[in-house]
Each structure stands twice: as structure tokens, then as C-alpha cells.
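Mind looking over this structure? Questions follow.
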Amino acid sequence: MGGATLFSVSDTLASVLLNGLGSIFPQPIHGWLTNPDLILGLAVLIFGAILLAASMINTIVLIWWERKLLGRFMDRRGAMHVGYAGLLQNFADGLKLFRKNTFRPRESDSLGFYAGPVAYMVTSLIIFGILPISSGWNSGALPLSLLLALAIFSFAPLFIFVSAWSSNNKYSLMGGMRSAAQMIAYEVPLLLAVVAVVVVSGSFDLATIVQEQQNYWFWGPLFLALVVFVAGMLAEMERIPFDLPEAEAELVEGWNTEYGGMLFAFFMLADYLRALVGSILVVLLFLGGWTMPGWVPSAATSFPLAGIVWFMVKTYAVFGLFVWIRASLPRVRTDQLLRIGWNRMIPLSLASVFLAAALVLVRCLPVFGCLPSPGV
Amino acid sequence: MQPDDVARALSTRLGDRLLGVETFVGTAGRVRFRADAALDTFHSVHDELGFRHLSMVGGIDWVDHREVFYVVWSDDVRQYLILSADLPADAAHIESATPVWESANWHERETWELVDITFDHHPDLRHLLMPDGYVFHPLLRSFKLHEPEELEVKQRSV
Amino acid sequence: MSEMWLNMGPQHPMTHGLWNLRVKIDGEMILDCDPEMGYLHRGIEKISEDRHYNEVITLMDRCCYVAGLAWEHLYILAAEQALHVTPPERADYIRAMCDEFQRIASHLMWYAAFVQDLGLMSPFLYGMRDRDLVLDLFQSFTGARMTYEYQRVGGVRSDLPAGFTDRARKVLDWLDERYVEYDRLCLGSTIFRERCDDLGKLTARDCIATGVTGPMLRSAGLKRDLRKDRPYSIYKQLDFDVAVADAADVTARYLVRMEEMRQSSRMLRQILDWLDHHPGPVLADRLPRWLGAPYAPQGREGYLLKRNYPKGLGFSSVEEPHGEAQAYVVNEGGEHPYRVKFRSPVFANISAARHYLVGYHVADIPPIMGSVDVCVGEVDR
Amino acid sequence: MTDEATATEKPSDNPILFVAKPMLTAARQFARSLVRPSTVVYPFERLEDPAFRKEVAVAPGKPIGVGAIWDNYRGVHALNINTCISCNLCAFSCPDLCIDMVNVPGGDPKHPKKCPQIDYGKCSYCGFCSDACPEGCLTMTTRYELSTPKRAEMIYSPTRLFEIYRTKLPMNPIRLERPENEDSILLEPPLCIGCNACSRDCPTNCITMVDVTKPEFKPGEKQPRRIWKEPVINDSDCVRCGTCISVCPKECLFWGTRK
């Protein structure tokens, strides 16, 4: 893989930009402009902009992907008129929402009402900055990046509850309560499933976890953990069958009933951002991350973006699984959901942790190399 | 069950308050009873004749008087029976059938607001289809359609 | 959370129409409920008094927008009794065919809405897609997809087009395969069973007390079907079974409706065979002029009174897709019906809401009300 | 005839693979609709397009329409102004009172021709008017796209309806047969004053005024002021529109059975 990382690219870009700009001006300004601190600052900005653009575009394409897939599951076509196969439909929708008036119910609490969606959006975006997409696109390189990602991931119920409560709407309130209960309930099995991965890989660093999967992907040995993780992720992402907080049939739209325009777009985007993060985490933890399959010619492998492309293909496939589940299952009830969470998921996840520990102890992990792991 | 059977069964309890049982094609008959015998009629039709299912309550405005009719069904003989009573137009009220048939509740609410027949001792005589506070009874013959000026008045008075 | 009243409606995804279900909840538990109707009240009974007999048919399609032909049949039966008219046999068969196809279409619509309430998205589209085939059939002989205006006092408007029965059989074959798929999507799913079993219980005793009819009543184990018990039209000639389940819950209602669709298919094959072999007139030929034609001539005021047309009362009861619908038509010799009164099965089914909603969760309201199959058009009329 | 009730028992086998069955069913549908989903891409594909119906709609296993006949669809009306006889029957048969008889431009300015104008804001597409039309000049077409930003544009004048007629869209082919024992229009002779109103307004010109013999009046007896003519109605040409009854000033025409 090429030595260029995302940050070095943006650093180079910033220095080239500032040096070029500085060469126009005489000395004092030139020196000030080519100040390494300023270059670093601009590099960080560019870095953030690239991350933001990448995550946003991916999210919107993800929505398109869901609409197309869901369409075929339902014997229809999905978006098809704006852009090629409707690819630009969601951009148009976003533009429409952007132009819409932002309104607020008179009796609602202004601070919570406006701060909730923004905070929800921002926390969802931050996670994206931590996740490594390829060996180059590894911004954080933090030793505990997995924990940090999941910690930020679990901020959401707080902000959902804040915005739901400040909407001053009975439906929103119920949706917010459900959301809080559900996310807390599923936080535990989710983390326990992650512990199984950590046991096997021996690291909290996502990049290390991916590197540990050079020989075999973790979905084989940790299948139980994968099932728990996917179920927990479905609940965290609030997708069918666990989409009670915004259960359309009874709660209209749950906690975002009162939101419209760009504030609603924030919720919508953040939801899909979280879905994207969920899919990425599944790929990182269980499906080998960006490790290229052996049969791919080295010329293709050495192509700078090959790792990212391969990673995104897997991510979208995982999201396809979520769409498939959405297309074929009804939603469960609140009490059932909590019962499943506390009574089934936690024992299962504990079992998966023990299983992982046992596998490590008896050193039979390499056996799973024979399973289809095209990343080897 | 024939109209004669119904008449025989009902006359013991109702006596002369039973005004007759007419033949009505497709049903067991059309029982005509005096309005003051309402509850007795309902009880004997429900308990003795076994018509346990009340299907419909409706009213007809005959201008000089009003008629209220009940359609009941029996699972034993698998037949309908129609009960009908005439009420004076100026004091159109009859005993509610809700103690006998629970399902009469909404039907009577509807008949009350549309045909202006009051059901005494009804547990919950509120407007059902019309807005609260609506003072007209649309299914009376005196309520004419196609008169926009009047309609405007009616809307305003609500 | 303390107790609070929650307005579900009139604009709520659960209502499938325009009505308001007020529920008193404590947390997620339902303590009390009070359905409020009337948001769709169009005064059909009043307007009918101002139209003559055939013109009322246009209102019947709008009475229940998912079962227009069944309501036309209901009204026509009562009107014919009141006007002393007998339709030709072929017209009777065509009407029964309309009834059964309408039952399938209505149940498919119910299926679509019901699974949508549960959050199942794709079967919603499947149900609507397959219902469209039935609507295509309707369109091919009535000329409309939803507001048919097809039946007339004394028969039906026009005969079936050529090749209709073959197309209808093709649709039935397609639907028979789909029923299996529907069952797999719903009964095959643990989540569905978890959600719908033992939900919205309404025992047979409560059903009778509250006047509940139709699939809800049959799901409580009571075998009552007007097509068997009081065979109107030509149902005596048909060979079919009454679908009954005994659990009295949402799953039981699902099962009853699914079985009813299969039985309708069975009946339809018999009717289509009969129609193939018995051509004939579809409108009674010895009709007073303006009963046969869809319009009244000018100078019609007092027309019937002058001609001493006999007075009459008409009462009909039809097993509509939602339950037992009844019509009461008073013919006072005028050209308009003096009074038309309809009994909507959903009206009674909703009025019993307190019996099957209290004690369940808020999240249970959509599946329970979905299993009731609410059609507000006929409730409010 | 069996009198058995089919007790639909709940399937007792609680599915072991708890979500596999529905997911596989959905996947099967996914695979099927990869080739061609059942939806009709509406503005580009139309069910009423015969070519589309022939190619796609009746394809086996694809529930896209049933190849149904579209010609009898009850859409926007088409009016052949040239054959319209202004009999008013469409307007009278309309249950929603959405048809007005309005003057058609051109022709004799003193006696302008009246043709139906339809307000599609009110129309319920019941087809009673086209059923009532005795000349078959008011029919319904397969056209159904009516949306317009202005309410006034929902009112279609006779000329506009004639334009639709000239596009030669498929017309509703169903023609109702007239009942056999139609009532005729009868005359109560003593009331008639021979005013000619009925014969003048008859859309089919089936009423001719014939002379009646003036009775002998005694000298001094008050003679009725009237023209000694009476209408004779040709039953085979009469379309039973009743115009004559409504214009008769003395109400001496009525419906009845001709002996």
C-alpha cells in the first residue's frame, strides 16, 4: 500500500497552496503565510473537509443504495429519474429540505429543540473521523480507537431524548423514551460482542484489528459475536425490526415528529451516517477491513485507492444485508425488544466472549483460515 | 320463524302494546310495538326469542310522526327481525336499548343526532358524526339540501 | 409518566382514513379509549333522498372505497325489493362475482395496510400490486378502477367483455400462488407471531354483545356467514366453506381473512364456469322506463306517483368484506327513495374498541386496529 | 354443498429459523424483480398503450395489468358537436349537476345550438350521461390526465370536448340498449292550445303540428283562444328527452303507455 496517508496528502496540499500563495506576496507576508503552524492548521482544515465531504457523499449514496435495493425487494424500481438511475435524487431532496423553512412548535423548548439535532449530527460525524478506511485513510491511529468510536456512538440517545423532550409532543416524548431505553439496552451486548473481537485480536486499535485479519477473517471464529453485533447495530441504528422509536404506524415519526426542513435533514443524515458507521464497523471487526484478496493482481492492489474501493464494496454489501432485513421483517414491540436485549442478547454475547477466549486458549484459530475469507 | 310465531311469543308479555307483526320478505317479520313498551319488547325479543345480535337502529321522519326501527338477528333461527315503533314528532323519545344490546350505543347516538329521536337513559348521548354543538338534525325532511343561503346560516350557527 | 389522553388521529398513519382514536395511556399501557368518528361524514343518506334510485349507486361506491361493488350490491338488493323488480339470473351471477372479487381486493388492501402497520414494508407493496390485478379486471368490465357505478336496479350496466373469464382465471391462478408467499412472510416470521398472538382478544360473547360481525366474529370461533346462513343472490348454488378460527386474536383474524380469500377464489371459479355457459340478458327487460335507464326524463316530478307505482320497503343484508352490511330502503312511490339507511359493519366493529384495546400497549394499537380493517368511508357515510 | 366450516388452526410449529422464511421469500422476490419490476414507469409506459399491453402486460408471471381492455375506461368525455341534438338528456341524467347546456359559437345567432359543457371539478365519471345520450355523440374516452393549476380550467366547453373527440382516442364502446317498453309522450287534447312550442323545441323534429277540426260553437258561446293545431309525435324518432313536456305551457303532455 502506498505510503501516502490522508493527512500527509492534506499536509502537502496545504503547503503547496500556501507556498504558492505566498510567492505572490513580498517577504513579510510570504514568511507569515509559509509559517509551518499555519500550514498545519490549513492541513487540518483540508483534512476535515475531505472527511466531511467523503462521509456526506457516502451517506447520501448510501440512502440511494437503500432506496434502490428496497425498491427491488418490493417489486418496484426506486428512484430513477434524477441523474443516472436516480443517483442525484437524494441530493435534490437534500436541496429541497435545505430550502425549506425551519419551524418550531410554539410551546417547545428552543435550546433543546435546535441543539438536539445539531449535536446528534456532530457526534455522528466525529465517529467518522476516527474510523480507518484503508491503511492510508487512518486519521486517528489511536490505540483505543474502537472504544472511542463506540463511546461517541452511544452519545446519541442523550441527544435524541433532549430533542424529543423539548419538542413538547406526546409522540416525540414516547419516541425519545423508547429510544433511550432501547439504545441503553443494546449498548451492553454490542460492547460484549466487541470484547470477543478484542480477545481474539488483542487490540483496541481498529487498524491493528484489521491487520490481525490478514490470515482469516473474524466472522468465522466469531460468528456468534457477529450475529449479536449486527442485531445490536440494528437496534443502535434504529432500523427495522428495531425501529420502535420512530415506529411510523403508532408514533408517526417518533422523536422527530416535530422537525422539518434542515433540522429533519440533520436527523435523517445522522441516521444514515450511523448506519454507515455500523456497516463500516462490521467490516472492520469481522470482514477483514481493507485487506485485499489474494487473487487480485498486485498492479490493482498497488493502485492508491484500491483498499478504499474494496472496503467500500464490503461496506455497501453489509448495508445491503441491513436493507434485506428491513424489507422482510416486521418491527417488534417495546417490551419484546427489551426482553430480547436483556434476556437473549446479553447471554449470547457473553457466550461469544467465552467462545472467543476458548478459541484463543486452544489455539485453533488458524483453522478458520480454510473458511472463505477472500482477504487472505 | 314466521310472523305468527313472533306474535304469539310476544303477545303474552306485551298484550295490547304489541300492535302487530307484519310479513316482511327476507326477515322473520316486522314487529310494530307501542313506544312505551320498548324495554319490555327488547327484553322479550332478546331473552325469549333469542335475538341476541342488534344490527342496526334507524329512524325515519314521516313528517307527522317519526318511526324508529331496530334490526336484530338470531343465531338460532338464523333470521332477522325488524322492530318498529311510531313516535310523535313533537316528543320523539323512546327508551334506550343499551341495557339489552350493548351495540345499540353508537347506533342510537347516530339516530339521535340525525333524526332527532331521543333515547332515554342512554349512557352517552353525544354527537357522533356531526360536530359537537351542532343544533340541526340533517335527516329530518325539513332539512333541505340545495339551499346555499340556509346552509351558510347552518354553518355559521355551529 | 402519569396518565394522559393521546389523540391518534384524525391525521395519523394508524387510522387508515379520517377518524380520531383517543386513548388514555399510562406509559405505554392503554387504560381507556374513545373513538371519534365523523370526519368523513358526507351525508350519503341525506343526499340519497334527493336522488333517484339509480343515481344513489354513485354514492355507494364512495361509501366504502375499498368495497364499492359489494355496497352497490347491498343497496341494489334493497332497492329492488322496495321497487318490486327481479333481475335476470346472469346479472345475479355477475353481481356475486363482483362481490367475491371485491372481497379479494378488499382483503388484499387490508393485508397491505395491516402489514404496513407492523412495519413490514415489502408485503405492503405485494398486496397493492396483486390488488391492482383485480382492479384491472374490474376496469375491464365496469370502466373504472375504484368507483364502478356498474350495477343498476334490475341488473347490471353491461355484459362482461369477450375473454373476460379467461383473464379472471389467470388472475386467480396468480393470486393462489401469492397467498402462500403472504403466509411465509407473516406466519413464517417469529416476530410476526410474537407480535400478533394473543393480541386484541375479543371473545364471541363480546362480539355478539357489541354487534361485531365479519372476520372478527368468525375469528372468535362463531360460524356466522350470511352467504351460508341467509343466502342472498345466488350463494345457495355455490360450494364453499366458512373460514373460522377460534383464537379471537389478531393472528386468528389474519388466518380467517386469508382463508376467505382462498374460499373466494374457489367460489369465483364456479361462478366463472357458470358464466361461460349461460349467456343471457343482464338487465331486466320489462322495467319501467326510468328504472332501466340511468336517468330520469324531464318532467319527472311526481312521475311515479301519477302512475300509482306500488310502495314498498326493502331490506337487504350482505356479507361485505368487513362484515354484515345492511340497507333499509323506503319507497313511498316517489322517484326518490324516501329514506335510505345503511348499517356499516365497521361502525359496530369500531364501537367495540374499548373491548379489544384496553390493557394492551400503544404499540399494539396499529396491528389491532389493522386487524379490524377500518374503512372510514362506510362508518361515517 | 358442504356445510362444513374450515377451522383455520394456527400453525402450531413455531418456526425454528425465526426469520429465515420471510427473508428468503423477500430474496426470491428480489431476484424476480431484478429482471423487470412490476411497476409501470408511468409517463413513459402506459397501460392504455396497446403496444405496451401486448409486450409487457400479459407476460407470464409478471403481474403488470391483465391485458385488460382499456377502451371502456370512463375518462374525459368526447363530444361530437355535429351530431349533438341538444336534447338535454346528459344534463338531466347527471347526478352531480356538473353538465350545463351552453351556446356553441357559430350557427344561427338567433337560435344558437346548445351543447353540454362539463365541469370536471364536480364530475364523478359515472357515465350516466354517455349512457343517456340517444345519438351516441357524448362518449367517454381513455383520457384521464386532467390536472391543472386553475379551477376554471376544469370546466370543459363543448368546443374543447369536440377537440378531444377529434383526437380519435378510444371511446367507451358500451352502448346501452334502450328498454323495449319505453313510455311514450301522450297528449291530453282538451288542454292543448296549439302553441307549437313542443314542435319548435323538439331536438329530433319528430313532432308535427296537424290541424284539428274546429268544433261548432253556438253563437254567443265563449270560444277558447287557441290555434286549432295539435302535436303528433312520431314514436320511432322520439328520443324521450321530455323537452316537449318541460316547455309545454299548459302541461298537456305527459308520460304514458301508448295503447
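Couple of notes before you dig in:
Lettered A, B, C and D in written order, each chain numbered from 1.
In this text, a residue touches a chain if its C-beta (ideal position, glycine included) is under 8 Å from a C-beta of that chain, and two chains touch if they have at least 3 such contacts.
Predicted, not measured: the structure shown is a model, and the values here were computed from it.
Taking each chain's centre as the mean of its CA atoms, A is the chain most distant from subunit C.
Centroid to centroid, with C-alpha atoms defining each point, subunit B and subunit C lie 24 Å apart. Subunit A and subunit C have centres, each the mean of its CA atoms, that are 48 Å apart.
The mean-CA centres of subunit B and subunit D are about 39 angstrom from one another, to the nearest whole unit.
Distance from the subunit A centre to the subunit B centre is 64 Å, each centre being the mean of its Cα atoms.
Shared interface positions of subunit C, i.e. residues touching 2 or more other chains, are given as 122, 126, 129, 185, 189, 191-192.
For subunit A, residues touching at least two other chains, in rising order: 73-76, 327-329.
Among the residues of subunit B, none is in touch with two or more other chains.
Two chains count as a pair here when they touch; such pairs are A-C, A-D, B-C, C-D.
Against subunit C, the residues of subunit D that register as touching in their complex are 1-11, 14-15, 18-19, 21-22, 24-26, 29, 38, 47, 63, 65-70, 72-74, 88-89, 92-93, 95-96, 124-128, 131-132, 140, 172, 174, 176, 178-183, 240-243, 245-246, 253-255. In the complex of the two chains, the subunit B residues touching subunit C come out as 24-27, 30, 52-56, 58, 60-61, 69, 71, 73, 75, 78-80, 82, 101-103, 105-107, 114, 127-131, 138-139, 143, 145-146. If you check the complex, the residues on subunit D that touch subunit A are 19, 22-23, 25-27, 29-30, 32-34, 37-39, 41. Residue ranges of subunit C in contact with subunit A, taken from their complex: 1, 4, 6, 8, 12-14, 28, 115-122, 124-126, 129, 185, 189, 191-192, 194-195, 361-366. Chain contact summary for the complex, subunit C toward subunit D: residues 51, 54-55, 57-58, 122, 126, 129-130, 132-133, 136-137, 139-141, 143-144, 147, 149, 157-158, 161, 167, 170-171, 174, 181, 184-193, 197, 223, 228, 236, 238-239, 241-247, 251-252, 255-256, 258-259, 263, 285-289, 292-300, 303, 306-307.
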